[in-house]
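In what comes next, subunit A is part of two complexes: it sits with subunit B in the first one and with subunit C in the second one.
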Partner chain A sequence: MSTETPDSIVSAPPLAAPNAGRPIPKAPGAVTAALRVFELSLGQMLWSRRTIFLGIVVGSPILLGLLVRILEFMGVAGTLKMGGASVSGDAAFGTMMWLLYLRFLVPVLGVFYGTALIADEVDDKTITYLFVRPIIRAAVLVGKFLAYVVTTIFVVLPSVVVLYLLVQPLGGGSLGAGFPRLLTDLGLLALGLVAYGALFALVGAWMKYPLVVGLVFVIGWEQLAMALPGYLRKLTIAYYLQSLVPHAMPTDGLGSALQSLFRDTPSPSVSILTLIVASAVFLALGGWLVQRREYVLEQ
Partner chain B sequence: MTPLVVADHVSKWYGQVIGLNDVSVSIPPGITGLLGPNGAGKSTLLKLLTGQLKPSKGSLTVFGEPIWANPALYFRVGFCPEQDAFYDRMTGLEWVSGLVRLNGYSDKEALDAARAALEEVDLLAAADKKIGGYSKGMRQRVKMAQALAHNPELLILDEPLSGMDPIARRRTIRLVKDWAKAGRSIIVSSHILYEIEAMTSNILLIHNGRILAEGDVHSIRDLIDEHPHTVHVRSDHPRELARELLRRDDVLSLKLEEDAVEIQTSKPDSFYRYLTELAASGEAGGIAEVTSPDDNLQAVFKFLVK
Partner chain C sequence: MTAKTRYFLVGSALVFVLGLSIGLVAYYGGTPGKLFGKQAGPAELGLVPDDAAVVAYANVGQIMKSDLRQKLRQFDGMTDEGRTEFKNETGIDIENDIEYVVAYMQANQAGTSGALGGLVLARGHFDRNRLETLARSKGAVVGQYKGKSLITPPVESAEPGEKAEPKPMAVAFLEDGLVALGSDAAVKHAIDGPAGAKSARSNADLMKLVSDVSDSSMWAVGHYDAISAQAKLPAEVTSRIPPITWFAASGHVNGGVTVMLKAETKDEQSAANLRDIVRGFVALAKMSTGNKPEAMALWPNVEMGGTGNTVSLSFGVSSQLIDVFAPKKKSPGAPGTPEKPEAPAKSQKPEAKKS
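Now for the complex of A and B:
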């Protein structure tokens, strides 16, 4: 696959005469095409209503952290408590990572963005412009997937850093001591966004009601499989992702308690490799499906 | 002449609904008009011709090759779809150049090609404005610009004049003819015979998913003239416009709306010419949009298929 611009195009041809009788430029390679679709899609995705809503969602815990810091600064707040017990800023940040980011935001973002990569273009009827270009259709899916990864990382990871800076020092926690764990958090969140996004890009390319299937997977299947003993948990993304988390798992309910009870964790290298390979396979299958499927736009 | 497009017993079903029914047709180089009412199968045929859909039955070739799953043909084909759909946050220049980069152009080449295409459709002055702020006519023209920016041999235009004001219409019709003179072939669809006739006499008549007639179809012209033709004109000053139009003998009825006038005319050709002159003179205020409901054709087609 070439990423080079074809040499055969020297300058834009004059419009007065069409291509007849002249050498036709070489088609962009799959990688070049995907990168160009990415560039075309990034701005649209960054400023979409979905991303603005995401910004509000990830902004909420930051506001909460800010409020707690202001109260602490004013001497109004006492010690930080969760479930009646005093906790350090480090533990509070770890809990937020588990409950807010890992169990909620990352899978849900994967569902909402991943399933919509092609569906949004179909609903908006803009897919036509991409499908009548001399590129393989799979490049459209991959390019849009890259735009999703950059968009979500751009919004989610900075919010985690800000939250860390606000919450970690509470109760005398050290920013420096927790920094290596923060880096691990950022890496695993990025990996989670990639893995969930790739899975649901495949679901979006494959199924008629991908959003429903996606929500059932993350809210139903993953929670159930993770709370059961045996091998079923290996058919989830959460199983591999959670093994990378550098914070203690919270025991906030029956589900968490069961997950803690049956928890077995693969090694970090196995988890990372599995998630990367699975993401590549999901994307390849998604591209294969987009290549073959007809998209009928509603009149 | 070697045909550009050959459809051999092509049918297309959407589940239980038939979109195109056993169509066999050869489209020669030059301008070909595809005429039919809404739901006739025009868009289905154009989607098949542009490889967006795969025939359920039969075979379809463009430049001698099947177009489904054959992206290399898109170097030679440009498509302007009917839908009013864009990346609204982008400027016209960003959008057209972004799309033409997918044809293998470098950044600079794509910008040059996009500027040339935008100039061709008289939109260069608005190239740096966001598409979301474009008028309907400008949006139509930027769609055409993306179709011709890579300089294709065959342009496929789905209802390109829809929503344009009379002056933009006249200019676009002239452009289509100029493109054909320069060696391009053009397939253009419409539900208005007068639009198609202004561009070409080579017409494909399509109705209920079948090609009813093809070639120089003067005979249906008389039939169409027997039916009053409805025209909807959106205007800044509908009252002044109505006053002007009522002076004409061919205006059979007139309905005044808040920002528009709907007219029934017995002489559509002469009426459209007059409307263009009126718009150019600005005497009755600005004319923003001219549309014609497709029930004009329905009656004629019903008669033809009896």
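Now for the complex of A and C:
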């Protein structure tokens, strides 16, 4: 066999190795990955149907406050009354904080958003796209959790401030006198959103039907544990959160009456520390679970 | 992050920061009167300290012009002589020149120097120059305090060997149409300016009561302990009265007067006891009108109310009821007034013969 190369055959230059001159970028670190996921999830979460529901819920008391102010301005409304007794704007705002925000909105937001952080991705079968990225899986949970915190805080806290400006001056109330309590309310709302969100993020990463579990916890377990004497109430978030509230607890029913009967409040520093530590632990456990668990997508 | 998301976050943060800023300004400096809603009570409540024990208000102009006052003039002894004399001296016609009066009293702070005491703020039309001239003619000292005229009474001459002490009273013109009269410290406190967040408007308990009564012609709200201490009630009486924390009294003058009394007690049991006491007094009052049947027919509809720790009592005194109790004013020598015929002398009955 002749070893001569035919002239017609032009020897092609050797193929260059892919990315030969360019180094392969490193996978982003945990923090960077979490921030990237946060950025992605924030827009999705903020413009989702859940947030529209949230907007309606926080907007209703604002509309009510606006209506009362308009009526007062027109001279139609008399003093603000609750249960037949006239109350100042200060008392009305405190009651709204207790009943609407602290005992309903914050836990419910934690349940609906927190459980959906991972569970929704599993249900929509989109979690695969997140897990194939060269990032640690726990960063997905942390990034989504941050998006939840920012979404809820940026919707709920401004609404509380607007509600304060509308309701506080009613019945001779003073904006200035109630301002320190408003700051406390804002702080504990933020802390409550973080604590409940972290807990239900763990529930969402762990359990099959996290929404049901979350609702049972909030509506069932917490109410029961708070009404019973003993140490069981220490296994709730409401116990620590309600100890930080600067307003008097309204006795709006048997549940509240029982809770006030067996009320023993921890100190504010203990409550704050417990909530922060608990949030960190829940989030860490959730991240650990997401890292190790195999999510089976239903076909 | 999309532009829409960014705009939402920025807008939300702006609302949050703006709201907090307003609250912060209100906390340190106080908000203007009608910026965030109709404020209960007169604007002068901003000059009342938040620890005032009792605050009172009287719409003098409305009361003076009311039919009730005209009815009350039927009572013997009520003449215009004093009012006329006062007007000649000061140039102030009480009936027309004084719009309303706000007063407060602070709890006695025994042992503390510079205790504020109390203050009366009168809004109306005053001739400042005439009043200052009158004060000087009486020996008062017209000084200045932070640009405002401050009139203090003359120092009374003391006994030989004793130091003359000035009376702790003062009068000042805070602005056109607003006069402050009271203890020297309280007047200076008022001149110092609105107390902002620390005025009576920041006292939520006080303002709650004020808002209930602020539409009345006259009202007073405050700590019950303050007035009971001033009244110096005997211990046997005070020990039987349920523990009352706050009280509010108001009267709205129209043809007659509608009175509302409200008290807040320390607990619900005390409120229940107080309601029983009040019911007893109302029954006693009704019994006292037994000798005036016409009064019974006009007896005001007394309403007892209140829930929880609150006890309220309201009733209206009509002008007809006042007519029943008002003694007819004698006007001897008036033309056309028929003279009362003398009672015939009693004929002496002959003594019965003893059989």
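Following the convention adopted for this analysis, the second predicted complex is superposed on the first by the 273 of 299 C-alpha atoms of A that agree within 3 Å, B and C clash if a C-alpha of one lies under 4 Å from a C-alpha of the other, contacts with A are read in each partner's own complex, and residues count from 1 in each chain.
Keep this in mind: a residue touches a chain if its C-beta (ideal position, glycine included) is under 8 Å from a C-beta of that chain, and two chains touch if they have at least 3 such contacts.
Predicted, not measured: the structure shown is a model, and the values here were computed from it.
Colleague: For A:L130, using the defined touch cut-off, is the partner it touches subunit B, subunit C, both, or neither? Pick first, second, both or neither.
Modeller: first
Colleague: So, does A:W47 touch the first partner subunit B, the second partner subunit C, both, or neither?
Modeller: both
Colleague: Could you tell me if A:G220 is touching subunit B, subunit C, both of them or neither one (first, second, both, neither)?
Modeller: neither
Colleague: Pick one for A:E39: touches subunit B only (first), subunit C only (second), both, or neither.
Modeller: In the superposition, A:E39 touches subunit B and subunit C alike.
Colleague: Could you tell me if A:G55 is touching subunit B, subunit C, both of them or neither one (first, second, both, neither)?
Modeller: Neither subunit B nor subunit C is touched by A:G55.
Colleague: If we overlay the two complexes on their shared chain A, which of subunit B and subunit C does A:P180 touch? Say first, second, both or neither.
Modeller: It touches subunit C, and subunit B stays clear.
Colleague: I'd like to know which partner A:P229 touches here: subunit B for first, subunit C for second, both or neither.
Modeller: Neither subunit B nor subunit C is touched by A:P229.
Colleague: For subunit A, which residues belong to both interfaces, subunit B and subunit C?
Modeller: The overlap between the subunit B and subunit C interfaces on subunit A comprises residues 39, 43, 47.
Colleague: Within their complex, state which residues of subunit C touch subunit A.
Modeller: Against subunit A, the touching part of subunit C is residues 1-2, 4-5, 8-9, 12-13, 15-16, 19-20, 22-24, 26-28, 30-31, 36-41, 196-197, 201-204, 207-208, 210-212, 214, 307-308, 310.
Colleague: Would you mind writing out the residues of subunit A in touch with subunit C in their complex?
Modeller: 39, 42-43, 46-47, 69, 72-73, 79, 83-88, 90-91, 150, 154-155, 157-158, 161-162, 164-165, 168-180, 182
Colleague: Flag every residue of subunit B that touches subunit A in the complex, lowest number first.
Modeller: On the subunit B side, the touching residues are 14, 43, 50-54, 69, 71-79, 81, 83, 85-87, 89-90, 98-99, 101-106, 109-110, 112-113, 116-117, 120, 146, 148, 150-153, 182-184.
Colleague: Quick one: which bits of subunit A touch subunit B in the complex? Just the residue numbers, please.
Modeller: Residues 5-6, 9, 11-20, 24-28, 33, 36-37, 39-40, 43-44, 47, 124-126, 128-137, 291-292, 294-297, 299.
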